[in-house]
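In order of appearance the chains are A, B, C and D, and numbering begins at 1 in each one.
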Amino acid sequence: MAMAMVCLSDFEAYAKKYLPKIAWDFFAAGADDCSTRDENILAYKRIHFRPRMLRDVSMMDIRTKLLGTEISFPVGIAPTGFHQLAWPDGEKSTARGTLLTYSTCTLEEISAAAPGSLRWFQLYIHRNRAVSQQLVQQAEALGFQGLVLTADLPYTGKRRDDVRNGFRLPPHMQLKNLEGAFEVCKMNDRSEYGLPPNSLDPSVTWNDIYWLRSLTHLPIIIKGILTKEDAELAVSHGVQGIIVSNHGGRQLDGGPATIDALVEVVEAVQGRVEVYLDGGIRKGSDVLKALALGAKCVFIGRPALWGLAYKVSRLIGHKDESDNFICYHLNWKQYMVLIQQFHSGVTNSSEVHVELDAADV
Amino acid sequence: MAMAMVCLSDFEAYAKKYLPKIAWDFFAAGADDCSTRDENILAYKRIHFRPRMLRDVSMMDIRTKLLGTEISFPVGIAPTGFHQLAWPDGEKSTARGTLLTYSTCTLEEISAAAPGSLRWFQLYIHRNRAVSQQLVQQAEALGFQGLVLTADLPYTGKRRDDVRNGFRLPPHMQLKNLEGAFEVCKMNDRSEYGLPPNSLDPSVTWNDIYWLRSLTHLPIIIKGILTKEDAELAVSHGVQGIIVSNHGGRQLDGGPATIDALVEVVEAVQGRVEVYLDGGIRKGSDVLKALALGAKCVFIGRPALWGLAYKVSRLIGHKDESDNFICYHLNWKQYMVLIQQFHSGVTNSSEVHVELDAADV
Amino acid sequence: MAMAMVCLSDFEAYAKKYLPKIAWDFFAAGADDCSTRDENILAYKRIHFRPRMLRDVSMMDIRTKLLGTEISFPVGIAPTGFHQLAWPDGEKSTARGTLLTYSTCTLEEISAAAPGSLRWFQLYIHRNRAVSQQLVQQAEALGFQGLVLTADLPYTGKRRDDVRNGFRLPPHMQLKNLEGAFEVCKMNDRSEYGLPPNSLDPSVTWNDIYWLRSLTHLPIIIKGILTKEDAELAVSHGVQGIIVSNHGGRQLDGGPATIDALVEVVEAVQGRVEVYLDGGIRKGSDVLKALALGAKCVFIGRPALWGLAYKVSRLIGHKDESDNFICYHLNWKQYMVLIQQFHSGVTNSSEVHVELDAADV
Amino acid sequence: MAMAMVCLSDFEAYAKKYLPKIAWDFFAAGADDCSTRDENILAYKRIHFRPRMLRDVSMMDIRTKLLGTEISFPVGIAPTGFHQLAWPDGEKSTARGTLLTYSTCTLEEISAAAPGSLRWFQLYIHRNRAVSQQLVQQAEALGFQGLVLTADLPYTGKRRDDVRNGFRLPPHMQLKNLEGAFEVCKMNDRSEYGLPPNSLDPSVTWNDIYWLRSLTHLPIIIKGILTKEDAELAVSHGVQGIIVSNHGGRQLDGGPATIDALVEVVEAVQGRVEVYLDGGIRKGSDVLKALALGAKCVFIGRPALWGLAYKVSRLIGHKDESDNFICYHLNWKQYMVLIQQFHSGVTNSSEVHVELDAADV
């Protein structure tokens, strides 16, 4: 191997070097000045551990359960679109995490690629409610175990480089899940990322959670919550889980880093539903900080795409699942010790707790 | 278009490239070390949104009213001088915003160029009070709807690059509004920006508001207020509006960023008069932050000049009004959603509020 | 003039370019990492004005009195050594400010050069007390109006560049004031800046103020105070003035910026003696901040040396006194307005007050 | 001497230039992003002195006692491994400080090289307890005066450059202390720094302090404590001393700087045992800050290695002991004044105290 890959930043550098600029820019993009995208990462540096010594850390077990289903470690793949930009095989290679509506593989293809995985289906609500209803019911039929409703996309954020690059989905990459639904739409240059313009419904409100509930027995996880007020609303409307997320800083610039928002959401929720987080996870220590501040598990987005890009150009085979592949490079060793203390009851959360800087609390 | 213009920074870069250095330096200049000029922009980055989700944002209406007159969105053009440095057509092209005394077009020319706009007349008080009285009465006769008294210019700030460049108004650019008044003055090299030295009156006090009131029925808006103490004085002396401004950092270096000063002014005023702001607005999110912190509308200064410079060199026609043109590039889309919630009553200000960092409150 | 000199930084750049490296390094040097030297300047940026508007600032008078003697503006020249490194004429050209023991001109020469100026004599206490006694009595006889006892030099700070450069006072630059006293000493390469090693007395204590008082009727000003505890001791031992100083960061690295220390000293002193400050003054706004925080006047050190270096190379005549020359470039105009409000009683200190950042108070 | 060596940074630059890259990288390495390694140094800059003046500092005595044994100044050499990477003579040249298990000299060699020094033996606990027991008893027999149990190494931190470089101990550098113990192990490329993989015991707990106590009469000092909770446990388990340490940031990234952790450890311990510190000491002022915040002495790690590297390439003889050599360059002069006040009772700790920034307390 010409270049030693020892941490996720190495994969980032690799992907930046080998991906076409338009694809790299699309994956890297943040809204406006990219402040929130960058804050997602910087905020972890303001959080410090209070390391404890001389505990028996000879046994490590970092399995956890998401809504009752066991996963081998508390990191999943966040929904990120258009994986075929990074790898011809597309989402099939990242099927072990949650999945996305705007997929360049069909649900059947994805479902078949990862039969034994935990699979949640990620959903936007369209102006044409029949489209969303059809997707929900198809997902349930295919054995998906949860529905992730992304709440922070009434309109698409302005990613300057995408505008400069005139980013459009290449013609051979179809949005397969939606093909039928939008076949009457002509894709013109006002389309947004391959969707007809304004196909998402900006009038969605909390009451639509009830409508969604009427369509399916799957647990509903809401993604995009950043405040205690919305966390309270999520609980009172009956969701089973909350993903604290700012869409990787791609939607609204100027909101909080997710690790900062996590604190108030966890405090508001008081354990009534599970809380997860995505945004800025680059190291095992970041995972530990999120867990210690109350997240049940975290999701990684861009790093999974970097891993895909690496696999393509290195001709790494299918068996080497990209999520494990990437997670290995999170550098678990030191932090698993602490994470397992946290999970196993050897210690409790206050003993392995992290400490936010005074300025952040 | 060779260079994609997707945000105001692109216009800034364009203007810096194409304007003569002496004109660029004059527009860009701040007093002394330019700390306050730069703080105006940096301060917005310390203010974070608390984004709320799942509200019906399908209808957007961001009209507002300034002293009873409706404007289509809450952004106006701040008075900035010597527009002919950027465009031969000068202030006539920016006539939709407020206007300036030190104009290189006559009031009649400006008034004729934008007959249907909201037009406020910006005023300095001269040692020769007759000059100011004449300007006030002429403005009222021409249909201007408000008088903006700029209070922060007893002496001109030291802008180092202007001194280095030996900045003088080019001979063909006359200060038309004042031509008659100063015809007896010989312009020598001690003149300040085309005015005779020391023409502004440094002895102006709050009592001069009463004198101004005696000259006109127009509402008086005071520009340059940065403290709660002065805000209280402004209200008690009967002004109708306050523009929180530090003159773009061109006058006094070391004062607060305007977005920081806004908080205490709004709290002191308690809704008795309207409060506006200028300084550092570069994105829709900046506008939203100002509105959420209590401004009724904001004004942009330098970006309007960048827009003018762009129009000149691109030969863009007159119909494309520079204020709309520039405001389009503020990237409204995401933020209009939030702004309209703020305005329409769908939500109230505490729900779409922004949160100042602890360190700033 | 090839290069426009519009602010003190321009003189700094000029001096750096034209002075021999060894002389520039000596003047610029700070102890160890130079943190305190740099903090002296950075600290002003954390202090913000709360500018007030619409006050009559037509009359400006910024005279002040130091221990009863009027000076034309509240800025003096701090004692800095070895002026002949910058100008053959040495201290005679900066004679309007306070003066220094380690002078390359004799006291008589200095005294004759500036007969009408306020002149304070700066003193170190030597192991050989007779030397100090002789200097004190000579200074009083020559009409000096105050004694400045520098308290922060029990040992010399380590200025790395001086060590690297092997800095020694050139042979033609004699320390004239001390010539007689040290004539029996052989200057070898262990001498410190032309003095025999260890000539200063590190056993000096507060009781030596009483000894000094017994030698002279001149008021005693103590220089180098940085804490409220020492300020209290200074008052109780009968000094007439305190200069808050950290020796330009040349002695001890890691102490406070002088503008930060000023606050606690002023509060401790409660007006019982006059308080002055040196360190980091580069702009009129810095002067104002110091005055508003309670300094009666400030002293500038390195900038006076830059001015000397400029005068030498530009062949500027003697009449153009370097202190006025430099002070002109502090950019008084805007700040005199505020300073005179502060002094004249038009406003009081709380009205023109500056505001320390919350983090600094 | 071609390059003046005036501070420890100069030795750092020298070592970086002359050491083989793989050795430099190994010494310089920090875990993961190296945040904690860098914080160790940066944290000192946030701590300020409150310098007091006019005290008799003519007599300086900075001797101190560690567990009853006098040392000439309060700085020791921290255990750092593999000195032969920097100097053929290895640990024999740094024998005046504490020592290390993973030594490339035998205990007998080290003991013979520095017969009169204070020597503590640094210990890890191995899965094979017999190895540790043998080392402890050998150390006691050889006259070592204390046992330092390093507690923060259940697993080795990930130092990215070492992974990239494929760092392995060169074959001629044997880990002499452990030779016998591990002779049955085959060193393959999964070995960790010359030790068989997983030789250290991750199941060590506080109860093992009692086991260690049963083996020896030597005082036990625990190294790696960073919290008040662990400090309390250390005292209650009967250790005689605590070294606040984060292993130079080599183990866990994201913990506190040691100077920050010192404050809570000292407060918890309340003088019941001695507290020391390592990490980030580069100047005499750093030493003083640590002492003023409650450390009895500090240890330096990497700088000792830089000094060794310098001695090798400069052919400096053995007599010039590297610890004194390096400590000289800490620049004691100014700070000894303050340190001796602190130690001698001329002043007490509150008078020479340092002040943590508000944000850090």
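We adopt the following convention: contacts are C-beta pairs under 8 Å (C-beta built on N, C-alpha and C of every residue); 3 or more make two chains touch, one makes a residue touch a chain.
Not measured: the values here are computed from a predicted model.
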Any chain in contact with chain B as well as chain C: none
Each chain counted as touching chain C and chain D at once: none
Fraction-based call for chain B against chain A, same above half, different below: different
Chain centre separation in whole Å, for chain D relative to chain B (CA means): 60
Chain A and chain D, separation of their C-alpha mean positions in angstrom: 42
Chain D: positions in contact with at least two other chains: 359
Interchain contacts, given as pairs of chains that touch: A-B, A-D, B-C, C-D
Residues of chain B defined as touching chain A within the complex: 4, 6-7, 44-45, 47-58, 283, 285, 289, 331, 333-334, 337, 351, 354, 357-359
Of chain D, residues touching chain A in the complex: 31-33, 35, 151-152, 154-158, 160, 163-164, 201-206, 208-209, 222, 224-227, 229-230, 233, 246, 251-256, 359
